[in-house]
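Two complexes follow with subunit A in common, the first pairing it with subunit B and the second with subunit C.
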Partner chain A sequence: MLNYALRRFLISIPIIVVATFLIFWAISLTGDPLQDLRQQPNMTTEQIERVRENRGLDDPFYVQYAVWVQQIPTGGFGEYMLSPRPIAPDLQRVVIHTLQLVIAAEVLAFIVAVALGTLSATRQYSVFDYSTTTLSFIGYSMPSFWFALILQVIVVQIFELTGVRLLPLANLSSPNPGTGLAFLWDRALHLVLPVLSLAIFSVASYSRYMRASMLEVVGSDYIRTARAKGLKEGTITRRHAMRNALIPTVTVAALSFGTLLSGAIVVETVFGLDGMGRYFIQMLGRRDPYPIMGWLVITSVVVLMFNLIADLVYGYLDPRIRYD
Partner chain B sequence: MTDPTPRHDPSTPDPEEPPPGGVLAEADEQVASYSDGSEVAARSQWQLFRRKFFRHKLAMGSLVYLAIVVIAAVNAETVAPYAYDEINVVMRGTAPTFEEMHFFGTDQLGRDYFSRVLFGARTSLSVAWIVAAVVGVIGTTIGAIAGFYRGWVDAVLMRMTDLVIIFPALAVLLVFAALFGQGRPTRIGIILGLLLWPTLARIVRGVFLSLREKEYVQAARACGAGDLRIMFRHMIPNTIGPIVVNMTLVMAAAIIIEATLAFLGFGVNPPTPALGRLMDEGRSSMQTQWWLIVMPGMALVSIALAVNFIGDGLRDALDPTQQEK
Partner chain C sequence: MSDPLLSIRGLVTQFDTADGTVRAVDGVSYDVYPGETVGVVGESGSGKSVTVMSVLGLIPQPPGRVAAGEVLLEGRDLLKLSDEDFRDVRGKDVAMIFQDPMTSLNPVLTVGSQIAEAIEVHRSHLSEDAIRERVIELLELVGVPNASDRFDQYPHEYSGGMRQRAMIAMAIANEPKILIADEPTTALDVTIQAQVLNVLKTAQDETNAGTILITHDLGVIAEMADRVVVMYGGRVVETGTVDEIFHSPKHPYTLGLLSSLPRPDADLERLEPIPGQPPSLINLPSGCAFHPRCRLGNDRERCRFETPERIDLDAGRSTACHFYEEMDAEIERVQRATGAEISTEDEDV
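Right, the complex of A and B next:
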């Protein structure tokens, strides 16, 4: 299995290379990356020429790409186009922030979805089943930014009606977050609304998978056997049915990690969080190709890693599956 | 609104039927003629499908709702009580009211919000149609070729799908929007379509891998049918269920992604109204003027929900393993 994992990972590397090459090419197609620089009033022609020279902007794009690739192992992701600051520290900071958000959302979504899916499958065609199914359809059809805005409105309205400051509406921390536990608590409070907005779509989608696979398992022979030998319904559900029904749900959750990162772009913008998504939007506004490329490489590696994890977990949970 | 979208006009009156109906109906004639002479009155696949779909109340309700929305959106110029950019300073910031037909209220400039939402919905729907068409063609073709020929063709095409899936779709869309500028709904739709086809390609490939071993495919080959004929006449009609279901899912997703892009400021070009941009503009005063985000949001969610319900109904109706009770 390790062998398989290694091979899968090695196959992925050329895909990343080709993908980044295509993106780099697309960026180079759009012409002058120094356009914004030229419009700044205090820039002299010599300064612009120096940037052009240093960055090798006159070289063909494949040469630029080669230069860019070479410096990744040693120089992180290089420097910003317009200032000699390194990109890596910024990227590291926003990645850590986003991981806090995304992992919290993924864990919350997974737990809630497994519970909802299991309950509605064991009570198929009940009122509970119909309402969770309908709710999951709504969650599925709702853009996360809209849900985030509605949450903000609700929290503010509660404040105006009752005077209770329920939750912070923006930012990752208060101006004086304190240290240690106080800092963690402050961070957790700030993340409540973003995590909810991000998780709602995943809850909707995972719970439908969980319900479907649970229904399939519940109808199988070994569950009937368990019931026939007199096990309690709760035991059957927890110890026999859920374990097998979890397999596809875990896979879907791991494969959906990219979707969560997409969602983070939106949620971070709404809540003004200093994470990957907002950073990405800012860099797009600046049209600086280097941080964008760095962002895409990190994201693609993360997405590939989770795809791989999905495969491996699938094999671990279901021993019938063999890798060769 | 001077953005003509003529390509939608022929297909809009009836949003669901044409794609599945056309191909299915052809397939059914064959089934019916093969079943000549049997004593049991044969019900064609098409009839079975219709019976099951019509019985799905949510899907039928959604179909009716969506048809109304589509007709209203296509004829937005006549349906909307006001032009979407008509400013009435006296009425600015009015909450939803039946007075002067401001059903959804007015915005900060006194523009009728119902009209703006309706025109925005038109943009969403036109993007969704284009995405569905692009995804349907590319996804089906690539999936079919990969599943039919297997071997190195399959390997190359599947690596291509990996290439598209490797980055989050929203990120790539944002890069393209930022680099090449925003565009008309057509362009947004095509770019979105170019990013969303891999799922369908994988589904079609999976079905084709199993279908190509079926007897009827062998029989068609024995009769001397060429590869293309086998694929398009025999195998794709038998894959139509998953294709149609996935296309509805993709449409719902496209509506949401388009709104998200517009919300982030990377959507269709500014004069064209978009639901996402309405919410972005309404955001600054949403605490006092709730309708500015609630109304476009409700419109968006209801459309996406209707499409998803229709997809669910189609899935049930097209699934041959689900028998009528």
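Right, the complex of A and C next:
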């Protein structure tokens, strides 16, 4: 299995190269990265020309791309176009923040969705089933920025009515978050609303998959066999049905990780979180290709990693799949 | 005869469908005595499987419902048990082997653990090692080679015949009093069928369980059964010993089954199939459900309007035909038509 994982990782490299090349090309079409510079009144034409020359902006985009690729092994993700600051520390900071948000949302969504889907399927056509079906359609069709705003409004209303500051409305930490456990607790509280806003869509979609695959499994012959053995319904659901039903759900959940990352762009903007999403929007506004390229490489690696995780978990859940 | 081990009395099982309520089993009664094999035959939809599913309490509800009747296991009515007590009976006193071994085992659990589970649920005091030992013993009994290695294999690593052996091992794990085999060989290759039937016989000898063997294969009945129950349209139409059923059937449907199949013992020159289609349970014919297809009935008024009751001819011998007394003549007619001796005294069926 290690062999398989390694092979899959190596296969991912050309995928990432092709993806970065295409994105680099796409960014080069979006406009002049020196536009902001030109609008500054104290910039002389010579200064601008110097930047242009230093950065090789007159070269065709594939030459620029080659230059960018060459500096990755030594210079990390390089420097910003307009200032000599390195990109890597910024990226590292926002990636860590976003992973906290997204992984918390994914874990929460998966657990809640598996529970909801299982209960709906074992109580098919019950009030509970109809309610979760309705709620998941609502969750599925609700824009996450709107839901995020509604959550903020609710928290504000609670504060106005009762004077209780239930949860922080924005940012990742309080001005003085403290250290150690106090810091973590402060971070967790700040992440509650963003995680909820981000998870709601995934809960809705994963629970539908879980319900559908549970329904298929509970009608199967081996469930009847389990019943004929005299097992309790709870044991049958947990031991025999859920494990089989999890196989497709795990795949969907892991493959949807990229969707969560893009969802994070909206949620981070609404809650003012210093994460990858907000960073991406800011850099896109500046038309600076270098931080966007760095962002892209990290995102592709994360998405590909989750695809790999999906495959490995799949093999763990289903013994019919072997990696060799 | 001693008291029956299992006694099904007037069982009625219904299903609610979009087209109305269907009586899949309509007043079925038969007995199973210790150590004997009762073969249940009939076409698809005759209610053979639904009957035993009702006995095990495995009818999905809704849409299904056991509406009436008793299932007496050593005098205790299973249908009146609480869910918990019924669960205790399943897999311990009454065990079942299903039709399709390819889908009846859980693909993500090892075969050994699935058999072990059947033991564990009813004998929680046993240690894990003791259970494992017992499972390996069972796998050896049903002829799975390298049982201790095979314990940890998954169903997809077993062939179809091996899986059915594992299913048999699972069914006899707790030495049940009643063993129900629902078409145990239908999904298997002909060559494997004989082996599996042998295993079933071994298993039965080992446990001395009363066995209900459901099949539409008369060859399997001839091989395995002591007594036969013939079902049609959710009812029992004839009961008797294998010899009686094969050589002097007292119901025209049974005779139809015999004359429509090639038999190695009776040299049929021509087959005489049963005309028409099996009836739809939603819209069963009035009177005798078999009358539209019956050559003996020949559309007589009584057949069309009066539902025949079971008539006991002898101990364990019964028929549900108004005109069973004319069966001798009918058998002769069929013998002329097919050129075969049905009513032979040849015991070797």
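Methods note: the second predicted complex is superposed on the first by the 311 of 324 C-alpha atoms of A that agree within 3 Å, B and C clash if a C-alpha of one lies under 4 Å from a C-alpha of the other, contacts with A are read in each partner's own complex, and residues count from 1 in each chain.
Going forward, a residue touches a chain if its C-beta (ideal position, glycine included) is under 8 Å from a C-beta of that chain, and two chains touch if they have at least 3 such contacts.
Every value quoted in this text rests on a predicted model; they were computed, and no experiment measured them.
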Subunit A as common anchor, with subunit B and subunit C clashing or fitting: fit
Contacts of A:317 with subunit B and subunit C, given as first, second, both or neither: second
Of subunit C and subunit B, partner touching more subunit A residues: B
Superposed arrangement, angle subtended at the Cα centre of subunit A by subunit B and subunit C, nearest 10 degrees: 70
Contacts of A:221 with subunit B and subunit C, given as first, second, both or neither: second
Touching partner for A:229 - first (subunit B), second (subunit C), both, neither: second
Contacts of A:150 with subunit B and subunit C, given as first, second, both or neither: first
Which of subunit B and subunit C A:141 touches, first, second, both or neither: first
Touching partner for A:27 - first (subunit B), second (subunit C), both, neither: first
Nearest-approach distance, in Å, of subunit C Cα atoms to those of subunit B in the combined model: 5
On subunit A, the residue positions that both subunit B and subunit C contact, one per complex: none
Subunit A residues within the subunit C interface of the complex: 220-222, 224-232, 235, 239-240, 243-244, 247, 317-320
List of subunit B residues in touch with subunit A within their complex: 159, 162-163, 165-172, 174-176, 178-180, 252, 256, 259-260, 263-264, 266, 276, 279, 283, 286-287, 290, 293-294, 297, 300-301, 304-305, 307-309, 312
Contact set on subunit C toward subunit A in their complex: 56, 58, 87-92, 95-96, 98, 100, 103-110, 114, 117-118, 121-122, 154, 156, 167, 170
In the complex with subunit B, residue positions of subunit A that touch it: 12, 15-16, 18-19, 22-23, 26-27, 29-30, 137-138, 140-146, 149-150, 152-153, 156-157, 258-259, 261-262, 265-266, 269, 280-281, 284-285, 287, 292, 295-296, 299-300, 303-304
